[in-house]
Structures are given as structure tokens and as C-alpha cells.
């Protein structure tokens, strides 16, 4: 899928610029966005997902210009899947309902179809017996898996994941990463933000390093980790690797 | 410091046993507790910190028996420092007040003394200019550092840390781990729960592996990671290492 | 701008909480002397009568804003009221009396007009107005419910309760061991009139004509017979003037 | 020891049915004993049979109170909802209009509102039915309070929930119906239940425009039989018979809708 | 276009002072115009000078209302706090005693409570001052509502905050004073402010036992001059002059204590 970002800027109401003139164009299957906290990763991903509008700039997906008006965006959003950094599940709905509700109300599935799809997803993710639990009754890893299941239920062309493993213990982290890795086989394009450098390196074909609202470097993951060019990325990687086993 | 745990059991009100007959005795300077989510790590640490009482069993610290009655516990708690897995700061107090309040109200410092101690701690942790911010205005890493500063302000003999780096980005994780590492020089005994295996291995002298409410293995960190004996620990470590860089 | 005029009905405002003049039967339908009186008035005017039950406080505003055409609710013709509304000629008269607490040693109205004495009155009643104008030394306890006024006297929280003779007599009989009653007239008789919107002289003229006619036909005697035969006898025994003996 | 444990809450904060029953009886008993002791000191005795004569009127008044509060409840929910939305509107005159309404109604006593609305506004615009005027006044009054409750509830809904709704492709009406509304209910139900009880009780203030509801009926009766204590005690019981089941029902609904600890 | 922007809220949800002023004036103006238009239709005209004769009584009534509500506010806070704590107590009879009190008071109309308390309990136990009885009744009534507000606030305090208090070695009194209380204030202040306004307004119900506060004064005056509309409009203004500053003050305090969005 070809993603084209043309001089996108983003400023929130406090007038502090968060993204500075972001330009990027690539035909990608898996892209990892890495970078320090507060660098603007989530903001960029939310623009890519049509959840917020850029202050200026253009976004093209597969050559088609995305118009940032609420009516047009609804259709665009329905074509992609989004997994949030945290709390992305509807807290009043059970795991099952969280997946089934958009299928029924947004994508016009019948109840039967929706529950069939949902159940097969729950099976696939090993969560069949937890389907009736509310998010606060699920462990962090289970919540994250449900969120991913919801995002891929309609087989979107593009899947956006914002730190799908933050706040998880190491076992669960790996469980989620394994699952994302599997999804590559489903012919989805995936863009994800991650702090797991091992995952960015081994499971993603491209990596983008975003710091202070600017793209400092982007390249294939092999190149990025073996020969970082900028001093920022070098510093970031050295710090990140200090306490690794 | 000699910690002696004698057949401690813990059951919450739902009568599901969480800790099964925990026995442990060691003279320790740094102990890392590792293990899968829900294994009872936090529960054990909260018993060690005198925050909750075991259902049965005994706890001795430096040969002295800890009585689990509210009055006796208050004194014990004042002698140790505790850093929580999350949200351990008083949300209505500024960073500075969070550190100074216990000094004044619990340890009888004068206001001047308390603020002097607090300021020197803030300096040490590079947070002087953020002292007047409330917890929700601080980034995750800053909150964690304030929590550690509060715990060590009175130079406790024993410092307990519950996943001090969970939910932090890699840079901040390392910042906090560096800080804990420094504290070893202050002659404090440290017990911490961590998911950072690199840190457990390199910075802690002892490691305990807790799973399903039982101590499966404990040993020096060198031995634990180089030659795990139980199948549980082997499985745990292999999973944890899968996506590492 | 009221839509009542259209159906030609005569809307009569009254507070249906003053038996036997204005009250309700067990089914909650208006009944009493004033109700029958109002119906006769309606017949005389050739208009159907519609009774509106309105709390005492709301009677005058209802008349002012045209929500009712006329108020027939044992209302005394008072100067203060005349500033806001007009009255028909009097159709009845009443005397005030006092219910006193047994222990307060009050023999006359003058005993009440002393500092330290407490007088219970019903808000907005004639007794309230009388006490405000004439018993300035005493402390007034103004209450919304008659039953509260009686309770005040029974419990000795108030020394006296000023109200009409009939009510005072009844409550005295009910509480003989705690209360006494003073029936010595201490003021000129009070005349009840029908309240009419200010400036509506057309209606006032007709109502005045009707009252004369009703008296001459002995209408009130019949109503007395129907509702108050017992009370009339008591009044005669006690030597009080009867409500409808206007001269 | 065993016996004493009836009076102590268990560790897990649960209560057995026996504990509940015994302690409710003790608590209610304490109030009743105190009350009758007070009566004894005054040598009062009650004779509730005096109310029997008025059973038909009491029944009618009771029904009127129920009708009045049920309709007002619905209308005030509507008003409260609209004005809560209005006060959050981007169109400032609308927003301030709603805010002024809320501030004004909450800041002045209902008795004043009743007089001004019924005699001036109501008369000027031809609202002649006391019942309809009563419903309107009560709804406008309670609507201001409900509006604040709803506004508070909306404010407490997490922004991430709305973002999630966007992300799965819900439009704004669906978001309202499928996400905001069910989450709102769970949060505001306790406060709303209190307000419903207030509506039932505040309906008694309409007696000053002679809507003959329960309280006005009792006042009229007490003006006839002068049995003030019997009348008002009975009044309290009748109101309790409405408010108590209401609070039981809302507590049950609350338990069903509750989703976070 | 420039001009229109006065009526539209900015993107960041902030309002300029000009926007605020203009829109408040428009909103208030709309209400006033509507009201006077209604008056015009009825050919009513107001003459507030009739109230001048009573300025001394009005002033006294106003002061009484202020005294009554201030004292009741303090006493009801105390009652509310104690009964909120009591209802959470491990000692079940105490807990149910508090719950029964709250349920009973919230479930019955204040007019009944006023009569029963004043004429039976008050008389039996020798509380003869109307003012003191009034303060007690009002405080007991509002205390039940405040109790529910406090209980809700306590329930919403995060358990981790209490664990943190334990961890730094605070004893239970210090925990209350240094942690629970300041966090509670921030949460319950909006609801409490609403309740304070209710106390001021509900104090008018004490007029049924002839505590001569503001509403009773106005009722007595309107019984003398029959200028009912002038009287009640003025009454509304006087109450607003108390409740409006109160809501401004609490909003300011709220902003100071607020620590989480």
C-alpha cells in the first residue's frame, strides 16, 4: 500500500507545533515507527488513521487524497483498523460485543454473521472462554488481543497499531508480537509504533525514527539498526540497549 | 539485611489462595523477583512492606518478628521505602510536596529541613524545575523518579520497588534502572520486581522466580540465568527472549 | 387573554378547606354553602358554574390575572384587598374569636396584646390582618395551616389563635382540657364579599342584584337549614350573631 | 461470640441476609422507639381511623402525585438532556442561554418560580390547565438539576472512548446511542435516582397553584379534621411508598449497568 | 464574519471576555424580554416602591436566612460527614442506623419532617426556640443529602492513594487529614455547592413553623400589600444575590483544588 505524506504540520490548541513538515512516501507492507516519548509518534498515527486532522498538509493512500472532513473521514476510517496505545476498548461492552458491535452497526453484518466472525476470531486468539468479560475483568494482554481482533475483524487493508505491547509483562508482550507477526501473512499493510527494538528489527521491513516532531531517519530495518546515520538515532539505540540481556 | 519468610500463605476475600506456603531466608543486598503476570509478586512485596497481612505465616527482618497489627505496622513501614507498580504518588500534591509531606508529618522534620532534603533529592534526580508540578502534569518517567525519591528520602534500610519501569518508554526505563543501580551504593537493601531481565541479571545479586504463588527457584542471578533448573523458568526465559534485539 | 370566557362559564375561585362553607365531599367534589351559593348565582346569570379550588394565597392573584371570574371563599372585605380587587356588597358577616391555652390565663383580647404574648394566626386570614393592625405588642406566629395554629395553642407554644367563631368553638370542644375560648366581640363584625376583578363593574352590579334577590327569597336560611342547623342552635345558645343576619 | 458476629461486617464487605434483616430491624426499631417515646412524654395518642373518611380523596391525591411526577420526570429528563447539550454547544448564545437558565432556576426558590410562571407567563400564553402548568413548572425546575447531573456525567466520559468510536467508524448518532448513552446511564443513575425522589417530593409545592396532589389533599384534610399528626405521618408513609421502591429499582438497574469497579 | 465569531466557541474551547460578556447579556436579555412581553400581554405593571415600607423587615428576614443557612450548612456538614462514615462502619447496627436515617429523610417530604420534629420531638425534648429547632430540622434534612455526596466522594478515592499513605507511614488520622480530605474536597465541591444553594432555598420551608426568614417575610408582606408579583420577583432577586456569589466562589475554589482533568 502506497502511503504519501506531504508536508504535514500539526499544532494543538496550545499552538505548540507537534509535527514539523512531515514528508514521506513509500509502498510499504510493515513499517515500525520508533522514537523517544513525546516525539509525536501517536499524533502522526492518529492523522494517518483519520482520527485527527493535520493543521496543514496532504495525505494520500494508494494515490487517493484523504479529505479531512468528518463525513468523508467516516468512510476512510471504516476501511482501516486501529489499535490504541491503551484503553481502546469500549468499557461498557464485553469482549465479544466490542468486536461484534462495529460489525453490526458499521459494516452491516447480520447478528449471526457478526457473532460467527467474532467467535472464530476469539478462537484464533485463544480467548473463546473470556468473550463475555468486560474489559476491566480482562488482563492487560487479553485486552490488547481483543483490541487487535476488533481491528482486523473486517480485514482492513491497513492496520495501525500504537504501542500494542506497552504496559504488558514480557510473556504477554511476546504473545502480542507473535500475533502481529502472523498478521503479515493476511496481506494487510501494518504500521506500528513500538518500543520493542527486537521486534522492529526482525519483524518489520521498514523503520521510521521520529523525534521532536521530525522524521530524522527512515530506511529498511536492516539498515537502520546496523548502520544508524544520525547522532540522535545512535544515542537512542545505545541507551535502549544498555540494560538488555 | 536478613529477610526470613516462614510458610506464608495469602488468601483474599474470594478464598482463592494467592501465595502457597512461601519459605525464604537470606541475607540480601539486592533481590529481583521475576515471574509471570498474576503470579503473586506484588502480593508478596506488599506483605514484605507491611501493607497487607498474610493469612498465616511469619516474617522476620534482621531477626525481629514483624507483628501484623495496624499499630505495630506503622512503625515498621516508617523504616522502609516503597515504590508502587503505578500511581503511587498522592495526586493532589505537587512533586515537591509528595516528598516533603511524609518527612514533615511522619518523620518529624521541620519544614526547612524537609524542603532542603527534598530539593537536594530533586537536584540529584534532575527534577528541580518540575518540583511544583502535580503528578498528572509529569511524564511517566518523572513520576517514577519522584516516587523513588520519596521512598529513599529518609534513607530506609530496606527499599521495595514494584516494577519501577512498567509502562515507561525504553529511554525512561533505562533512566530509572540507572538510578536504582546507583542506590546500591547507598547501602540500602533493595528488593524489586522487574520484567527487565537484563537488569535482573546484571544489577541484582539474587533472583527469585515466583509463579502461581510458589517460589519455583531462587539463586544468585548469575546461576539463575545461565543454568535455569525448572522447566517453568526455562519456558519463561525462552519466551521472554524471543523478540529481544 | 383567557380562553374561559369563550364557553361562557362562570369560573369561581375558592379554597375548599373551610367546612362547611367551602369544602369537599368524600369523593372530592366541591360542596358547602358557598358552593350552593355560587351555583345559584350561576343560574341567575344564566351561566354554567365552574369551581376552581385554589389555595388561599393564590385567590387574589388568580382574580388579578383573570384566571377566575369571581372569588367566593368566605373572604372578608378589607381595605388592603380593595386596592387590588373589587368586592360585591356583603353577603355574610363573621366575628373573630380567640382559642387560648388553658394555662396562659387570658381572659380578653387585651390580655393578648401584651409583650411576651404569642399569637398564632393563619397567613393572610382576617385574624392575621386584625392582629397585625391592632395587637402590635404581641408576637405573631404566622402559619400556613389552621391545624398547626391549633397545635401551637394546645402545646402552649402560642397563647392564642385568632380565627372565626365557628372554628374556634369546634377546636375548643375538641381540646377542652388544654384550651379555652374567648367569644367576647372585640371588633366590628367582618363582612364577607365576593371578590371581583378590579373594574369589572358589569359583573359587580349583577352580583349585587343577585345577593339582594337571594336574601329576599330566603336563600341563606335554606342553606343554613341544609348545612348548619346544629351550629345555628349553638350560636343562639351562646348568643352570637348568625353569619347571615345582615341588617 | 457467634452471636456478636451478626453485628460485625465480614472482612470481604459482604453481608448475609440474616445480618441485613436483623440490623435493619434494629435500626428502624431505634427510630420508632425514639419517636413513640417522644409521643409518650406528650401523652399523645394517634387515631388513624380519622383518615378513613377521606380515603377516596387521599387516593385521588396519591394518583395525581404519581401522574404529576411521572410525566414531569420524563419531560425534565428531556429538558435536562437538551440543556446539557445546549450548554456545551459551540454556538455561544445557545450555550449561555442554557447556562443562564440553569443558574437562574437553581438559584431561586421554586415558590417564586411557581407564582411567576403560573400567573404571569402561563396566563399570558394561555396555559390554563393547572395540571399542565404544574408539569411544566416542575419539569423546568428539575430539568435544571438534571442538566447539571448529565453535564457532569458527560464530562467524566473518557475521551479515548470517543476516539475508539471514531476508529471503528461509528457516526455521531451511533456514537451517542451505542457508546455515550450506555456509559452515561451507569454513571449518573445514582444522582438521577435522588433527583427522581426530589421530583416526587417537590411536586407538593404545586399545591400553591392548587394542583390537588397528595400534600395539598392532606393539608385540606387537616384543615377539616385538625388531626395534624395523623395526617402528616400518613403523608410521610405514602411518599415513602413511592420513593423507597424507586430507590430499590434504581439500585438494581445500577448494578446491571455498572461495568467498572 | 469577524462579527459572527463572537457567537462561536473557539477550537480550543476557550472564551474571550468579550464573547462571555456579549453572550451573557444576550442570554439574560432573552429571558427578561420574554418575561416583560408576557407581562405586557396581561397589562400588568409593577411598582416595586410598595416594598420600600418594609425595608426593615426585609432586611431582618434576609439576615435570618443567612444566619439560618450558614449555621445549618456547618451542622449539616458535620451530620453528613458522621453519617457517611457511620454507614461505612463495620459495626452493622450503626451502619444500618445511618442508612435508615438517610433513606427515611430523603424519602419523605420536608414539610412532614418539620411538623413531626417540631411539634412532637421538639416539644417532648424541650426545644422551644423556633430558630434552633429550624436549624436542627434543616441540618438533619440536608445532612442526609450531604452524606450521600460524601459517601460517593469517598468511594471514588483510589485505593492506591490509601496504600501509598500506608507506605509512607501515615497513621489513620493523618491519612484522613493529609490525603483523603483534600482529595475529597476537590471531587465533591460541585455537588456540595449545589447542596449549599439548596440549604439556602430550603430554609424557606421553615416558614411553616413561623421562622421569620426571607420567604416568610415576603409572604407576610404580600398578605399586607397583596403585591404578590413584586414581592416574589424581589424574593427571587434576593435569593439570587446569595446563591450566585456562592456558585462563583465554589467555582473558584474548585479550580484551585482541581488536580486531575
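Here the chain labels run A, B, C, D and E in written order, and each chain numbers its own residues starting at 1.
One rule holds for everything that comes next: a residue touches a chain if its C-beta (ideal position, glycine included) is under 8 Å from a C-beta of that chain, and two chains touch if they have at least 3 such contacts.
Composition by chain, UniProt nomenclature: A, B = Glutamine transport ATP-binding protein GlnQ; D, E = Putative glutamine ABC transporter permease protein GlnM.
All values derive from a computational prediction rather than experimental measurement.
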Touching both chain A and chain E (chains): B, D
Chain pair that, of all pairs, has the most C-beta pairs in contact: D-E
Centroid distance [mean C-alpha coordinates] between chain D and chain C, Å: 37
Centroid distance [mean C-alpha coordinates] between chain E and chain D, Å: 17
Centre-to-centre distance between chain C and chain A (centres being mean Cα positions), rounded to whole Å: 82
Contacts with two or more other chains, residues of chain D listed in rising order: 42, 115, 119-120, 123-124, 228
Chain A residues counted as touching two or more neighbouring chains: none
Touching two or more other chains - residue numbers and ranges from chain C: 1, 57, 61, 64-66, 144-145, 148, 151, 155
Of chain A, residues touching chain B in the complex: 36-38, 139-141, 166-167, 169-174, 177-178, 195-199, 201-203, 225, 236, 239-245
Parts of chain D lying in touch with chain C, wherever the complex brings them together: 42, 53-57, 60, 115, 119-120, 123-124, 126, 128, 207-210, 212, 216, 219-220, 222-224, 226-228, 231
Chain E - residues contacting chain B, complex: 158, 160-161, 163-172, 174, 178-179, 182-183, 186, 257, 259-261
Partner chain D, residues of chain C touching it in the complex: 1-4, 16-19, 23-24, 26-28, 52-55, 57-58, 61-62, 64-67, 144-148, 150-151, 155, 171, 174
Complex contact set, residues of chain A against chain D: 46, 49-51, 70, 73-74, 77-78, 82, 84, 86-92, 101-102, 105-107, 134, 136, 150
